[in-house]
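Naming follows writing order (A, B and C), and every chain is counted from residue 1.
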Amino acid sequence: MATDFRRKEQLPDLTDRLVETYQDLPTIHHLGHCPLPSVEAVIEIVDDLKELVFPGYRRRQNLHMGNVVYHVGDLVDGLHDKLTEQIGRALRHRYQLQNGIHCVDESKQDFEKLGQEKAIDFLESLPEIRRLLATDVQAAYDGDPAAKSLDEIIFCYPGIEAITVHRLAHRLYQMDVPLIPRILGEYSHARTGIDIHPGANVGPSFFIDHGTGVVIGETCDIEEGVKIYQGVTLGALSFPRDDEGNLVRDEKRHPTIEAGVVIYANATILGGTTVVGRNSIIGASVSLKKSVEPNTVVTIENPTLRFREAS
Amino acid sequence: MATDFRRKEQLPDLTDRLVETYQDLPTIHHLGHCPLPSVEAVIEIVDDLKELVFPGYRRRQNLHMGNVVYHVGDLVDGLHDKLTEQIGRALRHRYQLQNGIHCVDESKQDFEKLGQEKAIDFLESLPEIRRLLATDVQAAYDGDPAAKSLDEIIFCYPGIEAITVHRLAHRLYQMDVPLIPRILGEYSHARTGIDIHPGANVGPSFFIDHGTGVVIGETCDIEEGVKIYQGVTLGALSFPRDDEGNLVRDEKRHPTIEAGVVIYANATILGGTTVVGRNSIIGASVSLKKSVEPNTVVTIENPTLRFREAS
Amino acid sequence: MATDFRRKEQLPDLTDRLVETYQDLPTIHHLGHCPLPSVEAVIEIVDDLKELVFPGYRRRQNLHMGNVVYHVGDLVDGLHDKLTEQIGRALRHRYQLQNGIHCVDESKQDFEKLGQEKAIDFLESLPEIRRLLATDVQAAYDGDPAAKSLDEIIFCYPGIEAITVHRLAHRLYQMDVPLIPRILGEYSHARTGIDIHPGANVGPSFFIDHGTGVVIGETCDIEEGVKIYQGVTLGALSFPRDDEGNLVRDEKRHPTIEAGVVIYANATILGGTTVVGRNSIIGASVSLKKSVEPNTVVTIENPTLRFREAS
């Protein structure tokens, strides 16, 4: 039993051939650039933010009104620094892309200063985000007979994980922070199976039950008190292209869901002009491409079932 | 390139405004309470339990009948202590919720002692759980032509991961342990995309293939030798409410699947009185809301397909 | 508040009863065998490989053409050793299974040497795999109006994560390496919700959007420029059995998708003889069990929708 060390002599040559492909294929390496945001650092940030919006559930126990201010102050101070650095990197990265340059002379553009401004604006929005999340947690309890307590929901429900990360990512998206909102969204998608683009507008008291397979597109508008089940897609009908045949990357492509609507499992609602009127109910597996009046129940004519005895 | 330190002076004020929301929104913080179960500790527990039920596959290699008893004895001793603490916390948490109090004087109620009793009862059930899991692994091998060996199934199959964690979580659920079974279930849901509520009764030789998007509700009864594919929902038809309009949180809401039934991808079976008779086959995408006789094959009348040439 | 230590005295007895089940149920333990591949080590390997195919995005920043060769050379050298050990273990494991023995006298069969040969052949294929991945990243950008840059796609898109791991796993599968390709595939499935069997043949410029719930079977053939949405299944129609009623584990069971085909969300295409002709478009939720001519658009006759006012 032995490794043949002579065979290892071909590894340097193999290394050279691999590095050559970095020259041939510049689109999929990131060499000779200023550093990108760090995915690991962004995930650390979102974990700190969860600790701020739902204090006492995870990392730190035995917090009370007397000592929580120190815990929160410490987290806020650290988040200021982490967000400043990562947002600064993201802004610089976009600047480089837009100007087709590799690395920016910081003296010209102070991206860290811009990052700090956005970082502080973002932290200022946390009280408002907490108010929204409190409505989401209550909506989950009111909407699920299996829920035993609010604590269980905050602890366990993937729908709460997804909307928590989304509300944070959406705020960064609104502040025109590049890249980081999408990293947050896909981090949550990987953990919950719920794919909400950071651009989607979601009103208060939003509840996704079970959630696996849900897809909510970038230009969706979802009003207050909407409830969605697993496998629901709120998607685009088709992609308009400009005269050069390039995809048009702005404009509303995804539906509007008005207040109080319930959408059952695996329903699909497509198109930027499609509006589901308030308090309507969309049945399981319904596929909608046009608007629906308020207070409408939409179900599919059950496809005829065939019953025969097993051979 | 510089952070503006004067701007950081507003952080303490921001911290105070955030902490104020903890007073305004008491439903979504956990301050001034005895400690909750720790999600991290519960995940450690499930990893130890996997090592006990499938020894030699993961953490420890080179185990044999001669030395495995020490490895197992050590794990069992540690699990006793971890389970005692976490179950004790969960019982105390429920007691507080039910009595609307924040922290319990332990001298009145010895939750750790109660936790220990349940911890030991749970550990006593591991041999039986292993017997069930052996039937599940065999069912996976018999049911999947892509399976190359039993070891591959234990190593890789998300369906085995899901049923393993479910059988552990369901035992704790039967023992009336709060919170922890649901934490286990959602841990497995996040890793496999398979959402089995800990309350579901699942017989031996159960196999879920692929699994992403499967949802199995709290009051399902699944008999021996049932096989389920990705995207299948065994769900509730509607939620009964009491006279005050509150959700009724007990009573059977989910279907019964008798022995030997096969349910193909994306089928949906709803309702607490719905029974799928033994050895029946439910076709892909079938939606069922009423009972089916034994030995029945149910398929959908294929929706007419439109074929036209691409423009 | 106290643990009752006398109760712990029953733990050794409990341990014995648990260990007894290892004798009774030999199918689900791995005792007295040579070590299996380590899942943790295999995951480390795939992370190193991602760093090689997409340099500069994750672990190491500030790389440039001047220093990247050292970084790559170091990774390649370490990967040689890790792959040699893990592939050697996998080959030995299969040998044991096939010969019904527990542990092999290495002097008879040098699995490490075999492992090294395959490890080096695999590393030699990385430049080719990078060329394929460059086409996949471009296809994602061309196919998704929400994509802001190629970097965002490499950073965030689960479809890219899935095809990256698949192209690595498929190469090992082609080299007849057991177990490890499936561990890779399920690792990616757990992170993305996309379940691609390592055996599937996938051509260049492949794009999966959103992806959760996608299932692609072992014997699929997918040609160049195919685009697939969430929830699509490319599966088997039924499992042929031999005269003893055992599953036939080889032969083509899954469809062929020709170049330029687009398959929308939740469509299902089944069967080893089913061929979807080039440039065809398969609509959302279509279920296909027979072949389709090139340039065909297949949609379902929309099931009649029922609209009524909510009571």
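Everything that follows uses one rule, which is that a residue touches a chain if its C-beta (ideal position, glycine included) is under 8 Å from a C-beta of that chain, and two chains touch if they have at least 3 such contacts.
Only a predicted model underlies this, so the values are computations on that prediction, with no experimental measurement involved.
S.K.: Taking shared residue numbers divided by all residue numbers at the interface, is the value for chain A and chain C over half (same) or under half (different)?
M.R.: different
S.K.: So chain A and chain B are the same sequence; what rotation in degrees superposes their CA atoms, nearest 5?
M.R.: C-alpha superposition angle, chain A on chain B: 120 degrees.
S.K.: Take the average of all CA coordinates in chain A, do the same for chain C, and state the distance between these two points in whole angstrom.
M.R.: A distance of 24 Å separates the two centres.
S.K.: Which chain C residues sit where two or more other chains touch them?
M.R.: Within chain C, residues 193, 212-213, 231, 266, 285, 303 contact more than one other chain.
S.K.: For chain B, which residues are in contact with chain A within the complex?
M.R.: 1-4, 7-8, 10-12, 14-25, 27-33, 35-36, 38-39, 93, 97, 178-179, 182-183, 185-186, 189-190, 193, 195, 197, 199, 212-213, 215, 217-218, 231, 233, 235-236, 239, 247-249, 253, 266, 268, 279-281, 285-288, 292, 295-301, 303
S.K.: Would you pull the chain C residues touching chain A in the complex into a rising list?
M.R.: That would be residues 52-58, 61-65, 68-69, 72-73, 76-77, 80-81, 84, 106-107, 110-113, 116-117, 120, 123-124, 126-127, 130-131, 133-134, 137-138, 142, 144-146, 148-152, 154-158, 191-193, 210, 212-213, 230-231, 265-266, 284-285, 302-310 of chain C.
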